[in-house]
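Reviewing the structure listed below.
Chains here go by letter, A, B, C, D, E and F, matching the order in which they are written, and residues are numbered from 1 within each.
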């Protein structure tokens, strides 16, 4: 009964290339496949590992010493809260397909119902494709965990802990879940109907979080001392360890999005590796040329830019496309995080918008191009590239608008209710002591 | 010939629910399953990763700077020593089933023979259920590694390195191996005969180590300066990285205990995630209420409390049970590690008893309740819950008594022979320099 | 069409023991196996994890604070560059088998052609044995990444970043790829023809990198202050975290080299664990006896020595052989890294030659002995042990000579072109600031 | 000349630096120290274990000043470092015999 | 007033602090330093490479005391810091012109 | 006796130590400090955000010397610490009333 959710290819592509085999598999797949299950358990573990400790380390290293624990606490607390919200209603709103039909647009194209709230109907024997449904829902849970955690970097070092948690809960409910549903709930979902390609979360994860991050860092305001005091990373090795963990964990993210251990998963892994390498090398090259020295934080950020941009394309691009996507993303994100941020003057502490927002947009659009056969992609024809890119663009615009509005409204409400920011004194003292009564180090 | 060892369900449950399929599987399983094998190789890697570097980091961050390396050395040296002892005789004493018969109590209900010492009889082709026996024995080895390593936190910062090693060896031989055998050696083993549910090691690992830790920290005595000098964590980020690694690694521990990549593994993973989140959130909530600020070490410890408590229940509890177990464990462990420890005045440096002992007991008992169908569990009837909880309680009592006595006797012997403690001077200087001739950092 | 590349057993052994099953498997294996694929995806992730962040951390902890980022940047940049070079031509030169025939020696016995350059011919459906070819080529890519990264430790703290990168590229092309081809390209390849056993890279990875490291550290020259100023590790916990990651990741390296999730993979994992434990324990024991105190860096280095030495033997040795190999390697490497290095006076900063070179040689030779049935190995007869050891020795000599010459010539060329070393001032200031414009910490 | 040394609270450093710069003090040297004073002795509890906080993190600022600027400097430090709570710190005034600017070899007040 | 500055061995800090508190010294400031003295020059070997240990970690304690308490203070420090081995450290006595308590503005001995 | 205190650039420590040892100075104490001086005020940009570099890492060396060695010591420090660029640092000379060697109780110049 349950169909293999989550990663349906757009209709056109599916019909021309993949419908028959997929259909065949779907019908045979009344039993679980232990190999696919083994891989998906590990893929889920990898994606969780990306947040704790991967992303936590990446961000924690970049803040000042006095705020290192606030990053960790925020990432961990978001992990816990999302786990529970996902079980209570998140999975249902994202993946309940009741009332949806191929090509039909209705309310259910935007969010699922509550029929699977409290995981009702899920037991030890339920399957989702060739894997236990529990594994599918944990895999998806890890995406729902990392996405709000990504935003933490934008308002780091100044936002009140309670406000962070409430914002994460509201945004998860009203932006993450709908966009996730639109992209991955299959027949009848908005992006699916449009034929959008988003294999592992360009819109759902990166653009979604990147835009929220931008809005949040603007509304919360700049860190005190921004523009005059140095706010340099306190522990760059942490950031590099985090980068390594994100990189390796991302194989779970991208290759895991195939929901099976097969050739597509292998290809997703390969293009991920290539794009990441190119992202890092291109950032390094530009930085070397522009400022004379390649920095460690630069190569790390470039790698993340490459990872972000290949995400939506990882199921359809080939190696050549990956080279292109990685290079573009490294270069674009470099300029966003330096020149553009400087020109516009917002204080996106750890460049969440600059890397996830911009990298996500670059990736989402390039996904359309790189799926083309002449780019070595999974196979849309040269003639349909234009239409595909247009579909991609529409999904990008919807995500930007949706996430932007949800973020704006949520933050305004929270601000009115309890305030968004730590007090000036708390900020100067550091969030670790003022909010968490602990110092990071006694060295 | 070899039956699927390790995780046999209690007779009653097995008979009513699982005997037929398990029997059937056991008979078919003359060939290895590559998916199950893939998962179990990774599960073993994950559990090893929990100790090195996971647990090492978790503990190392919590001690003072001058003892950071002593924690690492102890964890690494225990890892190495247990590897060798497991190969020499551990695997055999734990899992040799010669002389055992369903329902019969004899010496072999308490510990196995030496028939498989030196891994005799194990080769490239031996199977254990659907996986190579080598993989089964490595998976079990990783449990035998982490359990003594857990104790290190209790007597941290003061116990002599040589005494730690001898204690670990004695306790492993006389307490870990027998309890492991009683719980997991299948038909004829004590806990198996009683129908005890211990999916992944509530008694074998956590209560077992927790009690030994309590006895050891009392016998070794308090750290000098305890109660007057601050003994604050020197590197909280390390503790949080370690927490992330323990969390992710624990999927290997719990879901791996199914020994297969199937629906039960998936459910074990799900309940582990839920309980951990609830453990962390409940500790955070209680701390926030009681002392005004949620700490980073608090959320980390709460997560571990949730992980510990779900361990025995992970094969039989459902999501609802996991919510309950996690919340109870977080709350109980919070009070043990703060108020109760203070009232009783023992110096369990890193709260090994408070988290593993208490969390393990909470988990072992709740396993009985949460296996019930009305709790969404794997399926014992409401009527048999009382009996199941009683069986659980008996196993808890046996483990407490057994591990307590073995620990007491071993430590007294070691104390008489070579002394348990570093000298006062060595302790003041720090174990890193005095025992290992190295400083942790030159920053 | 594609045969299962990479880990072909020597002819003699294959004929007597494994040809039939392997052949049979090879013929059936027209479809991918999801379990094998799941395992190999994870194995590849594990080996990448060994480099970033594993090895980076291991090395970064050992240098002085002012050079910590230079290690990370070098490891990350090498990772990126090797990824791209592997895709462009590396995979082809290593694994293109055109023109090769069993037992025939020709140019193609030394390096493959360019027929698969740009991954031409690889698509989503190509298989390599029972796994997608993409997965096979990523797995092999991770080996091509870590090998040059290993060398970084030898010339750490003084070599110019640009020179490091050029050297890595040249050495990869002219030494890594040919030796990899000779060992693993199957019928017709030099080492294959000789019947050399190198399951996971004793020659290809460790001796190859170890010799290059030795040559490089001699040509680059000693660090300024060598022999008078203390150059102690700045962050030993990092080194121990790195060790844990290397250890766990090495299961991907060794057990992954089976390219399947089966009994041989399980046995490879077991012997890896045993040898590592013995390497660490033997180093610890010797150090404890010789200098009175077992150090943390010592136990970590001993573990790596054990890992290195079991690598070539991991597919053919049994547990008894592993005990032997680990102990020998820990002991030999201890003396190389201390007494011998002191006597000869070269400045191998982090003992790359002492551990990888010497451990690799010990392992490669002992592989011959430990494959014997009487050692519990995979099964060569007592009579053929001599011949096997001789084959091993020949492969060791070829690797030493080849890598030595390539390294010498490459470094001389680079020196002439752009110079190998940072200036004295840059070195004193530290490579982090002088080359990467960043400080590691602000604590 | 005098060497004015002030032990102050951590988060007051920026204020003090600004106050000194404002009255034209060109240089100072700062070091992290641990202070033991009246602000001592409060008990804290960590994980159920009590301890006495003995040393508190403080910042020590050293500024060499010409004799005639001394009072001004003292006032500037006092005003900018004071929070009114115990532990605000102390200023120590040392006689200074001479100062040398390494780069130029200038001495005395000219070197400040 | 005098500023008594003692460079001592790390693990003697607690003893010295207790000894000073015992004779009624209310305040002191502590900083981690590296010392170079007679206790220098021993060769060590790390991983087969020799090096000379030049700087040893030490603790510097600064305590401002009234002139009439000086001898008492010196004795207390000497007694509590001495191990009898080379490297026990030194005490330096500086003249102190004035002290200001920032919180209250008190000066001189009243500010100690 | 005098206490000679020099604030110098980080990477000159080794030179200065050697220069002092060469002229027979037996001991010194070193501490890491942050300096604020003329070498201040340059703007840097990090990730598109400007900031002013205020404090620079410096090394402070303290060496107690007999009065008659003072000039020699000053010259040695100046020569070894100078790079000729701004930020080379300063030397402060304090009067020192007395010195005690803790181990032996020796005082005055004998204790140096």
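What we mean here is this: a residue touches a chain if its C-beta (ideal position, glycine included) is under 8 Å from a C-beta of that chain, and two chains touch if they have at least 3 such contacts.
Note that this is a predicted model, so its numbers are computed, not measured.
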item	value
Smallest number of contact steps required from chain B to reach chain F	2
Classification of the chain E:chain F interface as same or different, half of numbers criterion	different
Pair sharing more residue contacts (C-beta pairs) when B-C is set against C-E	B-C
Centre distance in Å when chain A and chain E are each reduced to the mean of their C-alpha atoms	55
Chain centre separation in whole Å, for chain B relative to chain A (CA means)	34
Whole-Å separation of chain centres (CA-atom averages), chain A against chain F	52
Contacts with 2+ other chains: residues of chain B	33-36, 38-39, 42, 232, 235, 241, 441, 443
Residues of chain E whose C-beta touches two or more other chains	31, 54, 94-95
Chain F-facing residues of chain D, complex	3, 17, 26-31, 64, 94-103, 105, 111
Chain C residues touching chain A - in the complex, by the definition given at the top	32-39, 41-42, 44-45, 48-49, 51-54, 56-57, 60, 68-69, 72-73, 76-77, 79-81, 83-84, 87, 118-119, 122-127, 131-135, 137-138, 141, 161, 235, 238, 241, 432, 435-443
Residues of chain B that touch chain A when the two form their complex	33-36, 38-39, 42, 46, 64-65, 232-237, 240-241, 243-245, 247-248, 251-252, 255, 260-267, 269-270, 273-274, 276-278, 280-281, 284, 291-297, 299-300, 303, 318-319, 323, 378, 441, 443
Sites on chain D touched by chain E in the complex	2, 6-8, 31-38, 54-55, 58, 60, 74, 77-78, 81-86, 88-95
For the chain A and chain F complex, residues of the former touching the latter	226-232, 337-342, 347, 351
